[in-house]
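Labels run A, B, C and D following the written order; every chain starts at residue 1.
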Amino acid sequence: MKIADDFQKQISRLDNCLAEQWQRLLDSSLLVKAIREGNISRPLYMIYMLETYHYTSHNARNQALVGTRSSVSPVYSKFCLQHASEEVGHEKMALHDIASMGFRGNEGSIPPPLPETETLIAYLYWISLTGNPLQRMGYSYWAENAYQYINPLILGVKNALNLNDQQLTFFVAHGTIDTEHFAEIKTILERTCKTEEDWASVRRVMQTSLSLTGKMLDAVYREYRAFEDGLSEHYDVLNELSAA
Amino acid sequence: MKIADDFQKQISRLDNCLAEQWQRLLDSSLLVKAIREGNISRPLYMIYMLETYHYTSHNARNQALVGTRSSVSPVYSKFCLQHASEEVGHEKMALHDIASMGFRGNEGSIPPPLPETETLIAYLYWISLTGNPLQRMGYSYWAENAYQYINPLILGVKNALNLNDQQLTFFVAHGTIDTEHFAEIKTILERTCKTEEDWASVRRVMQTSLSLTGKMLDAVYREYRAFEDGLSEHYDVLNELSAA
Amino acid sequence: MKIADDFQKQISRLDNCLAEQWQRLLDSSLLVKAIREGNISRPLYMIYMLETYHYTSHNARNQALVGTRSSVSPVYSKFCLQHASEEVGHEKMALHDIASMGFRGNEGSIPPPLPETETLIAYLYWISLTGNPLQRMGYSYWAENAYQYINPLILGVKNALNLNDQQLTFFVAHGTIDTEHFAEIKTILERTCKTEEDWASVRRVMQTSLSLTGKMLDAVYREYRAFEDGLSEHYDVLNELSAA
Amino acid sequence: MKIADDFQKQISRLDNCLAEQWQRLLDSSLLVKAIREGNISRPLYMIYMLETYHYTSHNARNQALVGTRSSVSPVYSKFCLQHASEEVGHEKMALHDIASMGFRGNEGSIPPPLPETETLIAYLYWISLTGNPLQRMGYSYWAENAYQYINPLILGVKNALNLNDQQLTFFVAHGTIDTEHFAEIKTILERTCKTEEDWASVRRVMQTSLSLTGKMLDAVYREYRAFEDGLSEHYDVLNELSAA
């Protein structure tokens, strides 16, 4: 009873932190503002999906690495490896979606990640390989539960760019998988987090990884604006890689 | 047609190498000789299972690490992570089995691995983390297909020590899981091995990992004999850790 | 001649990027503004040095890891390992300096790094372990050449807090070592960077690691202000760890 | 006084173990027997040096990795990185020496290591990355102090094959460096090994790594005999790679 109460309190604390952080992120994001105002074009979506491709291509790996650490319990190790196996190759969906919109690049020709995306990737490996192994669930906690916050934005993009569901497989498929994963994450949090330090680690990684993702979104918008102005060193290649 | 032929030829080559190597191993092993002659006692089985516990506790980890390498295909990565998730915690069965025979140690109190066991463990990490990522299937190929060779020995131990199936969960459970895994390994070999170099890597790791396992079995017997003579520095603790 | 010209051009490009980035960083930093206006107190210096302690304690390690990568040339590997060996333990100087000002904590009791500091640490491991191995010199290039930019600030802190040189060993000792290291870095850049991709990797890491350091400085100031207001969850421990 | 006594006792124990193990190794080695009887030819020396090239090319790396572990003291970390930096590239000397005897291969064309050599390499990484970080000194302890045991053999090879010192740079240069290194290792053992567990780890790694080296020497001789009989799959390439 006591422990169940504690669990609910810790979950509420995560949820409250998250609601507040998302609110700030959405309110201050120029990318979100542009989407809400309909000021977007296909290159914006392509740039966003290419950065999404990059960090997503590492998620199964860093998730699995947690499960290989010598200090983790069998129940948590099994969760990490199983969960990772289900995420393998999901980055391909991001490429598929923009290919349907005229992107002609492939895995060999796409630009490297923006510095903000690379920083997010670096951070996710770091917190997977060091510190409290439970802390990576802080990333999953928001990432597999983000649809309430980002669905309105996806709908905005879909309408503005006149996309159909076959051009949004990354979000549609992930939405379904993630609902199931999120329930599993809560179960595993309940089974594995025992101390206040465990919960604090999960909270810290949740907040930092969402914050770094916010910075990645800012960078996506910055590069999009630069691209529109013909000034993006990073994404000028998009002109070659996109069909008219 | 051509490729299917090639696949069958490569599998036959693996099987022939393996049959010959097992034959040599079984013929020269003093441990096997002792089992065949009924010259065994409970400490022998305990020592064997403790070393088995050690290397088994690393198998899910090094299998998963293969799946995190940047150069692997999604299909092989998914196989590695899925397969690894199914092996998590199997080493507990080894401890369970010897506990049923009077072993009183736990994960904190058991002796460290013998040098030969540690060498096997080191090798499995090495070939998982470096070289051709497909090569670790060479280990799975024999390890998940070993029951034809070792079942007679397990039966010999069972009879000599008057054990029941509940005291042999490691072998009974593994036998079932491994039959399924072995079929999967053949499927994945067919889907992933494309070049002669791929097959040669698989063969090399198959032979070397079985050879190192043979050396581990020799070490088990050497320590058992030393223990019986009161001369095993490594396993004298077994007297304390075993009920009369 | 041609190559020497190219080298000078690449160095000039690094220097110009750097001058511009430092200018922006210094102009927009609230921490710098506070120092310039003399609005600082001992806790600010302690917080800054504790975060410096954290990232510095990883620098020899991530530098050495570059030298262990299988793809590096002997000359670069030797440089990395030698350079790393000279940086070992330098983080102790940061603790020494704040101990001289009344800090009573030790390595076991100091607060964990702020998220921005942990992000910098994560990034430095990531670019040391993946990508073009030469790119880590982009970090060294600015970090061992920062004194022209930060010496006026250190002097400001020194005067405002009435510190002597024995309380600034981290900066005084590093200043000397780094001058020599910086000359070595230029030599090694000249010997190892052969392609435009090499130089671009060095530039990207230079810019990103300096940018992440700027974010760390912002976080230091944010926590200092929160501490002054009695609102720093992270650094409230400073009250206990400091002598009156 | 007491501690100095203990140190001398532990060193004597290492030396006694080592003397006994070398005696057994030298007495049972067919390679040693062949050298003592003058039954050797250039391919034997080439095969030996190629395997030496392989494991030597990893020694600076695995030595440096010890120094990057988070649990090591600054004094030991500095030793590891410094020591490693001095070993970088030494494997080139092995290639140089056999090139002087007509070997025409380069780093890209030489055969992969024999399984026994790969096992030694795997073990050295494993004990460098896991377990007691001090234990790797067990390898250095014998490897940098081996000349008393192997100098007579090198002399035998030199005379039998009519080699001069310029064709034996690997051994001549290493002999000089290692004498200095060995003195440093004793100093560091004295400064770092505090507990019986520390010394036991050093002893275990000393014995296991020398034992695996013995197995590598056996494999060198086995392949040499196979090569002489035209039956070495691994080293038949030596016919192409050697001048007449």
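By definition in this document, a contact is a pair of C-beta atoms (placed from the backbone, for glycine too) under 8 Å apart; a residue touches a chain by one contact, two chains touch by 3 or more.
Treat the numbers as computed from the prediction; the structure is a model and nothing was measured.
Student: With centres defined as the mean of C-alpha atoms, identify the chain lying farthest from chain D.
Tutor: Result for the farthest chain: A.
Student: Distance from the CA centroid of chain A to that of chain D, rounded to the nearest Å?
Tutor: Centres of chain A and chain D (C-alpha means) sit 48 Å apart.
Student: Counting only Cα atoms for the centres, state how far chain B is from chain D in Å.
Tutor: 29
Student: Using mean CA coordinates as chain centres, what's the gap between chain C and chain D in Å?
Tutor: 39
Student: I need the residues of chain B touching at least two other chains; which ones are they?
Tutor: None at all.
Student: Graph of touching chains, which shape: line, ring, star, complete, other?
Tutor: ring
Student: What are the touching chain pairs in this one?
Tutor: A-B, A-C, B-D, C-D
Student: What does chain A use to touch chain B in their complex?
Tutor: 60-62, 64-65, 67-68, 70, 74, 77-78, 81-82, 84-85, 88-89, 92
Student: Using the touch definition up top, name the residues of chain C that touch chain A in the complex.
Tutor: 115, 118-119, 121-123, 125-127, 204, 207-208, 211-212
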